[in-house]
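Two complexes follow with chain A in common, the first pairing it with chain B and the second with chain C.
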Partner chain A sequence: MTQHRIDPLGALVTAVGAAALLWLPFVVLKPNRILPGDARSLIAVLPPSTTIACLACLILVALAALAMSKPPVRLAAALLGVIVVAAAISTAGDVLTPPGNRVVRVAPGSGFWVLLVAVGLMATDAITRLRPRPAARVLMLALFAAVTLFALAHGTFDHLSVMREYAVNAGRFAHEVRQHVWLALGSLGTAVIVALPLGILCHRVPRLRGGVLGTLNVIQTIPAIALFGILMAPLGALAAAVPLAAQLGIRGIGAAPAVVALFLYSLLPVVANTVAGLKRVSPAAVEAARGMGMTSWQVLTGVELSLALPTILTGIRIVLVQNIGLVTVAALIGGGGLGVFVFQGIGQTAIDLVLLGAIPTVALAFSAAVLLDAVVETMNRARQ
Partner chain B sequence: MPGSAALLRLAALALLVAFLLTPYSFAPLFEPLTQYGAPAIYDQGNLLTLALAQIGTVLCATAASTLVAVGLGIAVTRPSGAQFLPLSRTLVNIGQTFPPVAVLAIAVPLVGFGLKPTLIALFCYGLLPIFENTIGGLRACPPAVLEAASGMGMSPGQRLLSIELPLAMPLILEGIRISLVINVGTAAIGSTVGAKGLGEVIIAGLLSNNAAFILQGGLLTGLIAILLYDTMVAVERRLFGNVRIE
Partner chain C sequence: MITVDKLSKRYGTTTVVDQASMVIERNSITVIVGTSGSGKSTLLRMINRLVEPSSGRVLIDGNDTAREPAHLLRRRIGYAIQGHGLFPHRTVAENIATVPRLLGWDQARVRARVDELLGVFQLDPAEFAGKFPHQLSGGQQQRVGVARALAAEPAVLLMDEPFGALDPIIRAKAQDDLLDIQRRFATTIVLVTHDMDEAFRLGSRVAVMSQGRVLQYDRPAALLTRPADPFVSRMTGSADRAMKLLSLTTAGEVAVPGSSNGPTVAASASLRDALSELVWRGAESAAVVDANGMPCGCLTVAAILAHGRPG
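On to the complex of A and B.
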């Protein structure tokens, strides 16, 4: 089918991208990290030859978006767009930063972000149309992460404001990332250890189900910042009353209330999905296993849990993505994690610092979602 | 069991109202948590005003997200917008991996401090569950019912208003409920960027090391979230009984 008609999404992407190039500032040059700066367009910043190359590439991308219908071609064009936009902002950083000056900040402007969203939208659309298998999605993610990390390590973006902020906080950044991951995974791990048996119990004893799920649902409803606050007083009292608890690091402020709250939040999705997964196991399969002479423990682990595993993993995926987001809030009560940069940045009105916390958080949550979705889908495919 | 649940609900509501109207009558309960004679009850603003401001922010933002999300959901399930359906689903999936705090923090550089970034974050984040559930609800309508409606001579518009939307309504309301609950939490964090709300009480407690403030801010925010959730569940039950599209 060779239809020559304009792709509607391509038209949207092109219109948004062109508007961003024409009317929005590509970079903002700030005298220091806090003061507002003056806006510059892409054409005003880059050397003429680079500008021409850049615009030529973007026009190519727009043409592909408008007229090409093959998803691989559209994906390639979108990736070219991402590379061009990244290269342009990197060059802008190098050009605008006076040599040796460590005070001036070159911040990506709204035009840069809108342009990035436009090409990102095109890439997302192409990938959606390609319908890649789970392994291919993980491979794409890994490739993208590798290229990005290589560029970052190579210093490609070192003159940009966010990376300046990173350079100042490099040591703390590594520490907070570790703390962030540890808080998210640690609370998830403990929750799974408790939630699996609880889910099995709720499945076996239907009388318990309403009460347990209802209680966990109420906990899930309480906003994170409120639950952190509610837990601080009792944990503080515990630490004051029991010296051993205090020695173990349990205090009213810091990581302890965050871990307890995240643990409580993690219970509902895992328990509910364990119950739902076990409920979907066909009684015939259980009967057959019993008929083969399996003990009830073998039936549980070998048949019921293994059949329910994809559903349980879906619950774990929900928890992990949710936890990575919620850990950000833990910074408010001294729990550490990437939220430290977000809230410090908000406090100092230093937007670059906010982004230093927010961008890696989103990247972590997104990667976790892609990885676990791929695992769940692979399992479901294997079953069919 | 329903009787005791209703009783609990009523008690929670009574506690919330009593605390907001006469906070100082609860002072003796919170005094043990304070140190060096610090105030036991938040004294830098009226708790009732803060609570109403937060609820107002949440309701405004969620109302706006509902209008836009339901509109978009209808658009991508019509034949003319169908080619945007797979993409919009992917975008919703990606959007939901964004932590609400990150959305809030990213809104600040765009519009500055105050109520605006909070409203924007609540609006954007509120869109996702409602949009997702609108699509789910509209696509779950049995094709036979839709064909029967067309056969009866209904126009696409009539079919949407009198068949599809009513059938999708339970799921749409569930989406609104999820948005509301998430938004109460995000609105509380909005206090860090200058929006009025009960988060202010928690933040003030954290800054001045006053556990009484932290606890009362947390309890009030939690109570509001639970009661909002509960009200929505009650509304859904009243309207649709226990009928659910799974």
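On to the complex of A and C.
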């Protein structure tokens, strides 16, 4: 059956991609990491044969985006698009870098990024239409991550500016990634330990609910930088007054205020979702559980929390994604994490260094969201 | 035997149950009936201590229920409620296995019991054991709820408006099933309802409650013929009380030796149904037959009518 309807999203993706190819620079060639460079289009950079192959592939992708309705075909086309765009930028890096020159920078231009977003949008749209099971989504993410990491390890993008920055910072990079993940997970973990009992208490004692949620709401409205500032003075004073605290690494700056601030931000979503989840549990199920001789603890863990778990996990997902983003700001007060590269890059006007911090942060947050969404959906499927 | 001894529940100045006393016979169905707010559910929930009494005692086979931890007491007493209260995140088999698991039964025994109960409630284990409650019809959910309450072979089963959410046809079936179950497991059942017809149909004894007090606790026929209180008369209804009385006796109990050319009536049929059949056929007497269709006596309209009035 042939369909002659043009796909609206496909039309948008094609238009944006074509505009990016025609009018935006695909790469920027800079004499060094700070000076502004020359914008080059894809056609001007790649060897003619490669250009033709590349454009032919992109036209195929655009045709699929416009006319194909089957999600697997659309997904395959989108992935082809991603591979072509990645190959093109990799080739551009190799072609433009003079042999042995470590000063010249080949930076992906706005045209590259817009093109990547266009094919990425097409891919996510195709995946949404495929409606894969949660496990399949996680598998896709793992495959994509594995291919990307393999390409990076293989040196495919080594001539690009961001990877040049990575080569300079390789030793620190792994450390800052670990620090980033540790700050995000550590603050989340402590928050869950506190928020879960607090949520249960708010559920059991309705009088507390307004006050607790109100207070946590106010904390949520304080901007991150202001909260770090507010915490500096008391934590500094604590470290000065209590030597043990200082020995444990609690100081006015560094990881301590970052963890405390992230912990405070994490409380509201977890407490609010715990209360909402417990409220949704059928009173008849709780009554029956008590009537059959479960202890209060068994009713709480076996029935109430079990039934509220998907809602509570949704709160935890919100917090994790939010924290991975917020940890970046912690670098400002010496907390470490990928924000270190972002703020150093801003200080040195070295946009490549900013990207070295920003891209992995986005990738981490995205992966966390996909993973936890899959867990929540699996639970909801099992129990409706 | 359950002895309810001057049981009261007060919340502040409000008395919900006021000095209720009753002796519940072993191996019988006792129904507590009353309007909403009469305290009937509270009285039931004091038996398994979901509500702690303000004063008074409950004795089961002579043992004071206050002497053991409430959750251990409840594991020995079945409990089924309106809207079944099944755990939505557990399968039918897991739901039924709740109390046996709490009691630490081994896997094989739990499995055997779950399969047995599913069979008793006409639910094929192969089909239903692995289903989740939301995949069942209302009647099936209710049956699983009762099966779960009976899982650990309790001597006593408490039921709080168990059939309240069912439509009339399924409800009648559920009531018949309950009578069978009671006979099969010889359970002592205490059931709360606001429906007098249900009370008459199920109860060997019925307690009528109003405003926290047990007004009368007696056999159904006595509630009709000797109401202790005007409220009891209002609850039982006076317009069709003769018919209600007839519905409490079976044809087999009244049949006398002899034969009849009239229509045949099953020995298990109520006098109300037998009279209806005779009126319909225009006959003066009916032949009563047992479950195997063998004649076991005859029944006249006059004999039926004699049972439809007090004394």
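To be clear about the criterion, the second predicted complex is superposed on the first by the 382 of 384 C-alpha atoms of A that agree within 3 Å, B and C clash if a C-alpha of one lies under 4 Å from a C-alpha of the other, contacts with A are read in each partner's own complex, and residues count from 1 in each chain.
Going forward, contacts are C-beta pairs under 8 Å (C-beta built on N, C-alpha and C of every residue); 3 or more make two chains touch, one makes a residue touch a chain.
Please read all numbers here as calculations on a predicted model, not as lab measurements.
K.L.:
Is the arrangement of chain B and chain C around the shared chain A a clash or a fit after superposition?
P.N.:
They fit: once the shared chain is superposed, the two partners occupy separate space.
K.L.:
Determine, under the contact definition given at the top, whether A:I34 touches first (chain B), second (chain C), both, or neither.
P.N.:
So A:I34 meets neither chain B nor chain C here.
K.L.:
Which of the two partners, first being chain B and second being chain C, lies in contact with A:L307: first, second, both, or neither?
P.N.:
second
K.L.:
Which touches a greater number of chain A residues, chain B or chain C?
P.N.:
B
K.L.:
After lining up the shared chain so the two structures overlap, which partner does A:A233 touch, if you call chain B first and chain C second: first, second, both or neither?
P.N.:
A:A233: touches chain B, not chain C.
K.L.:
Using the superposition on chain A described above, determine whether A:A136 touches chain B (first), chain C (second), both, or neither.
P.N.:
The answer is neither, since A:A136 touches no partner chain.
K.L.:
Taking the superposition as given, does A:S282 touch the first partner, chain B, the second, chain C, both, or neither?
P.N.:
It touches chain C, and chain B stays clear.
K.L.:
Under the stated touch criterion, which partner chain does A:M292 make contact with: chain B (first), chain C (second), both, or neither?
P.N.:
Only chain C; A:M292 stays clear of chain B.
K.L.:
Which holds for A:L63: it touches chain B only (first), chain C only (second), both, or neither?
P.N.:
The answer is neither, since A:L63 touches no partner chain.
K.L.:
Could you state the shortest Cα distance, in Å, between chain B and chain C after the structures are superposed?
P.N.:
In this superposition, no C-alpha atom of chain B lies closer than 23 Å to one of chain C.
K.L.:
Where on chain A do chain B and chain C both make contact?
P.N.:
The answer is that chain A has no such residue.
K.L.:
Could you pull out which chain A residues touch chain C in their complex?
P.N.:
That would be residues 282, 284-295, 298, 303, 306-307, 382-384 of chain A.
K.L.:
For a test of understanding, state which residues of chain A touch chain B in their complex under the given definition.
P.N.:
8-9, 110, 121, 124-125, 127-129, 210, 218, 221-230, 232-233, 236, 252, 321, 324-326, 328-329, 332-333, 339, 342-343, 345-347, 349, 351, 354-355, 357-358, 361-362, 365-366, 368-369
K.L.:
Quick check on the complex: what are the chain B residues that touch chain A?
P.N.:
These residues of chain B touch chain A: 1, 33, 83-84, 86-87, 89-91, 93-94, 96-102, 105-106, 108-110, 113, 181, 184-186, 188-189, 192-193, 199, 202-203, 205-206, 211, 214-215, 217-222, 225-226, 229.
K.L.:
Sort out for me which residues of chain C touch chain A in the complex.
P.N.:
48, 50, 71-76, 79, 81-89, 98-99, 102, 132, 134, 145, 148-149, 158
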